[in-house]
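These are the structures, in structure tokens.
In what follows, chain A forms one complex with chain B and a second complex with chain C.
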Partner chain A sequence: MALNSLGREIPDSYAGKKLVPYRDPYSVSPEGNVATRALRRVNPGTSKRLSSLGEAIVASGLRDGMTIATHHALRNGDFLLNAIVAELAQLGLKGIWIASSSVHPVHAEIIPHIKSGVIAGFQCGVNGLIGEMASRGELSCPIVVRSHGGRARAIMEGSVKIDVAFIAAPCCDEYGNMNGYFGPSACGSLGYAQTDALFASCVVAVTDNLVPFPVVPISIPQTLVDYVVTVERLGDPAKIVSTTTRITTDPVGLQIATYASQVIEVSGLLKDGFSFQTGSGGISLAVADKVRGAMGRGGIKGSFGCGGITGYFVEMLEEGLFASLMDVQCFDQEAVRSIGRNLAHQEIGADFYANPFNGGAVVNRLDCVILGATEVDTSFNVNVNTESNGYLLHNTGGHSDTAAGAKLSIIVAPSIRGRLPIVKDRVTTVTTPGETIGVVVTERGIAVNGKHAELKEELVRRKLPVKEIGELQREICKITGTPRPLEFEDEVVAVVEYRDGSIIDAVRRVKG
Partner chain B sequence: MKIVKKVQAGTLQSSDLMVFLAPAEALCVTIESTVQKQFGELIRAKVDEVLAQHGIEAGEVRITDRGALDYAIEARLETAIRRGTEV
Partner chain C sequence: MSDYKLRRSLLYVPGNMPSMLQNIPIFNCDSVIIDLEDAVPLSEKDAARHLVKRFLMNYTDRNKELLVRINPLDSRWGYEDLKVVLPAMPDGIRLPKADTPEIVERLDTLLTEFEEELEVEIGRFRVLPSLESALGVINAVGIANSSQRIFALAFGAEDYTASMEIERTRGGEELFNARMRVLWAAKAAGIQAVDTIFADVSDMEGLRAETEHAKRLGYTGKCLVNPRQIEVVHEVFAPKQHEVDYALQVIEAIQRARQLGTGVIALGGKMVDAPVVKRAARVLRTAYAHGMVDTLIDEEAIHGAQ
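Presenting the complex of A and B:
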């Protein structure tokens, strides 16, 4: 057991791997070369078509203990991972690791296969019941939580070796060219799958929409694909976009959005060339809406909008407020339609988006990112992985990547959620280090990290409600009462990797 | 004072609570809360305080809390008590 620089207890090893405790956001240097895989040859006349997932698993050479991956662009509407795991069980395979880009609540269906040993563990974070059950000690499977950029890094450096990537391909031809733009399961960007296609030993395209050769535009080319399988349905289109992306109407949320947009205006970043990312939450979108107004009024032309793209950013692109969109994942149907239509709506892979170990990711070019938080502590560390009951319920997404990359990262969150104060002495789990967080905006006040002293002065001068983060915490706890700290066992149920591969925190089993 | 009829007050929305009261021989309080671990004792203390304020000596008090703040607990419980003690 070692303490990392944030005072978190990190086990020496986990799931058979030695762990490196987190030190700081920027100093870890990569070593060695990009991972490789075997060359291959496909001669003219060879068919890549296989008739079922089961046949594809056999053809791929998947054996006990190997690692598979899927992408999560179909979000909570995904049918593929459940179908694959059911086939693995059918074929009698054991000890398979899942290294998907994320796992959603819909994948609770695989829980019996974890219990029976078909699935050994997760080289990725999990959303929903699997993490909750692991936190309660009801499931025994190692979980290594990674950010989007961290996952791309782990695959590219070879610390996670994907044996077989199954890529849900909403629009695919018989030779494996694919995109996510069209078809009944259209999901837009296939950004997360691009890394898998490049590095997995075997790549299986799975489609419910086989179209005549060649698919254009091509997101993932035939040269990377070994097999093509057709299935009835890849997913439930109604749930592929799992959250409705709409601006909040809640007055608390709107107040937060107003403050956040004022912070952006005061920061001096809102000028020609401005680059911006928000999530799809109601408050984030309200901030985007206010920024859009400010850009329109000021005649400001931004350079790019980034991230999970929503219809909101599409409108800003089409209004000329942004020159381009850099899209690793589409969050709603508007974004899906746009990526097939707008040339300046650029699909990017997870490596390009957020990997810290390449020639420079898109997040490095962000001026401002709006992020959420389950908890923040008085050192500005942010938790989005565990809920305040201690259960591991959410994946990191691009949280720590964008916070590290952007000039200004702004956390927007209500000061109280169901009696729980947003600011704590110590967050339950550190997802994103405080050093990479600029400002925390709540409806009760704005806390500015010490490294942005000029911004803080300017906000005070403009009479915005700036408060020390400790002061904000005391004010909130006066209303909620002071929460009793949760109790944990020693047993580690998951580790949270920082984007550079060091371990920023460990999630422990909840007591009782 | 006694609870003389079955009543309820509140909602199950986040940051609210539902109070169920019913007649009983003795005072019996049960509380279930989304923030039991963090605030269980504070919630219990507030409920006891409001019951004492209104001199409730007998009745079944069942609370399902969704993270309500003290003032909401007070208001919902008082409403339920007024409804439940009306003859």
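Presenting the complex of A and C:
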């Protein structure tokens, strides 16, 4: 057991691997070369078509203890991971690791297969019931939570070796060229699958929309693909990319958004060339709406919008407020339609988006990112992984990547959530270190991290409600009271990897 | 009257809803009107006034003006509202159905009695009368002068149109005369004028148009039914940058004039004298509230040293 620089107790090893405690966001240097895989040869006349997932699993050479991956662009509408795991069980395979880009509540279907030993653990974060059951000690499977950039890094450096990547391909030809733009399961960008396609020992394209050769445009080319399998359905179209992306009408949320947009205006970043990322939440979109207004009024032309892309950003692109969109994942159908239609709507892979160990990721070029939080602490550390009950319920996404990359990272969150104060002495789990967080905006005040002294001064001058974060906490706790701390067992149910591979926190089993 | 407090936005908050009361500190309206009258059902009149009292007592870091709209004095709740709420020290009372000067005088007397009992300065509790009937509008001049506690007249169009047996329209032509009469009375008495609510919370363009109209007429603020309306109203009442620039030039010019021993000076070919300076000072006070200028203009700059 060692303490990392944030005072978190990190086990020496986990799931058979030695752990490196987190130290700081920028100093870890990579060593060695990019991971390799075997060369291959496909001669003319060879068919890549296989008739079923089961056949593909056999053909891929998957054996007990190996690692598979899927991407999560179909989000909670995904059928593929469940179908694969059911096949694994059918074939009698055991001890398989899942290294998907994310796991959603819909994948609770695989829980029986975790219990029966088909699935050994997760080289990725999980959303929903799996994490909750692990937190309660009802499931025994190691979970290594990674950010999007961190996952790309782990695959590229070889610390996570994907044996077989099953790539849901909404538009695919028989030789394996694919994109996500068209078809009944269109999901837009295939950004997360791109790293898998490059580094997995075997790549299986799975489609419900086989089109004549060649697919254009090509997101992932035939040269990376070993097999092509057709299935009835990749997912439930009603749930694919169906995040509700509407601006909040809640006055508290709007107040937060107003403050956040004022912070951006005051920061001096809002000028020609501005680059921006928000999530899909109602408050984030309200911030985007206000920034859009300010850009329109000021005649400001931004350089790019980034991240999970929403229809909102598409509108800004089409209005000329952004020159381009850098899209690792589409958040709604409007974004899906745009990526197939707008040349300046650029699909990017997770490596390009957020990997800290390459020639420089897109997040490094971000001026400003708007992020959410389940909890923030008085050192500006942010938790998005565990809920107030201590359960591991959410994946990191691009949170820590964008916070580290952007010039200004802004957390927007209501000061009180479910009767609990958002600001704590110590967050339950650190997802993103405070030193990469610029400003925390709540409806009760704006807390500015010490490293942005000039911004703070300017916000005070403009009479925005700037407060020390401890003062903000006291003010909130005057209303809510101070909650009793959660109690945990020693048993570690998951570790949270920082984007550079060091361990920023460990999630422990909840007592009782 | 040298009451320069900005009252661009006066937000109604129902007095019977803890979740909404709790958020009063966070909205950046200039004033809040906690409602014990129309927003509170009869069955909750008693509970609401005690809730409001507790809220006010716990709201120690006050960051805006707090008014309480009591029930009409001739109702069975009006007096009790005062009795329960005043010890928690709101800044003032919004008096509904202030149809005659006598009604306001009666409130004035009651407030004085409470002030004596609570041992606070006489005149501490201010009054914002609502002119919301044909009778109230006709009596506007008398009402405006009926008490030293009155800092503004508020026009209430919903009840007014009901008393006129007409519909309120989006354009609001039917309100023009009443709006003007309330305004004249307020300006003549040297107090502020607060425009009526705009009920359609989803119609921001309608709100903007109506607020711009009220501002053009001379209203200095507007009552709001939802926090989402604050931003639009503040935008409308915010001075334009060129107005601020000009006002700064005016103040600079008049200060130069004073050094020369005169109260009149030309600026860009136009005469600057007391009324121009006064208008410039008002622009700069509003600009200060919007963070557009760094310092508040002092009285001496406006009027010269005594």
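The rule is short, and it goes like this: the second predicted complex is superposed on the first by the 511 of 512 C-alpha atoms of A that agree within 3 Å, B and C clash if a C-alpha of one lies under 4 Å from a C-alpha of the other, contacts with A are read in each partner's own complex, and residues count from 1 in each chain.
Everything that follows uses one rule, which is that a contact is a pair of C-beta atoms (placed from the backbone, for glycine too) under 8 Å apart; a residue touches a chain by one contact, two chains touch by 3 or more.
Keep in mind the model is a prediction, meaning the values are calculated, not measured.
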Overlay on chain A: chain C relative to chain B, clash or fit: fit
Touching partner for A:R444 - first (chain B), second (chain C), both, neither: second
Which of chain B and chain C A:P212 touches, first, second, both or neither: neither
Touched partner set for A:R419, first chain B, second chain C, both or neither: first
Which of chain B and chain C A:G45 touches, first, second, both or neither: neither
Touched partner set for A:L486, first chain B, second chain C, both or neither: first
Touching partner for A:T258 - first (chain B), second (chain C), both, neither: second
Partner chain(s) touched by A:S388 [first = chain B, second = chain C, both, neither]: first
Angle at the Cα centre of chain A, taken between the Cα centres of chain B and chain C once the superposition is applied, in steps of 10 degrees: 50
CA minimum distance (chain B, chain C), superposed complexes, angstrom: 6
Doubly contacted chain A residues - partners chain C and chain B: 479
Complex contact set, residues of chain C against chain A: 22-23, 25-28, 61, 226-228, 231, 291, 294
Of chain A, residues touching chain C in the complex: 249, 251-252, 254-255, 258, 415, 443-444, 461-464, 475, 479
Touching residues on chain A, where the partner in the complex is chain B: 388-389, 416-420, 479-481, 483-484, 486
Chain A partner contacts - residues on chain B that touch it in the complex: 14-15, 34-35, 37-42, 66-70
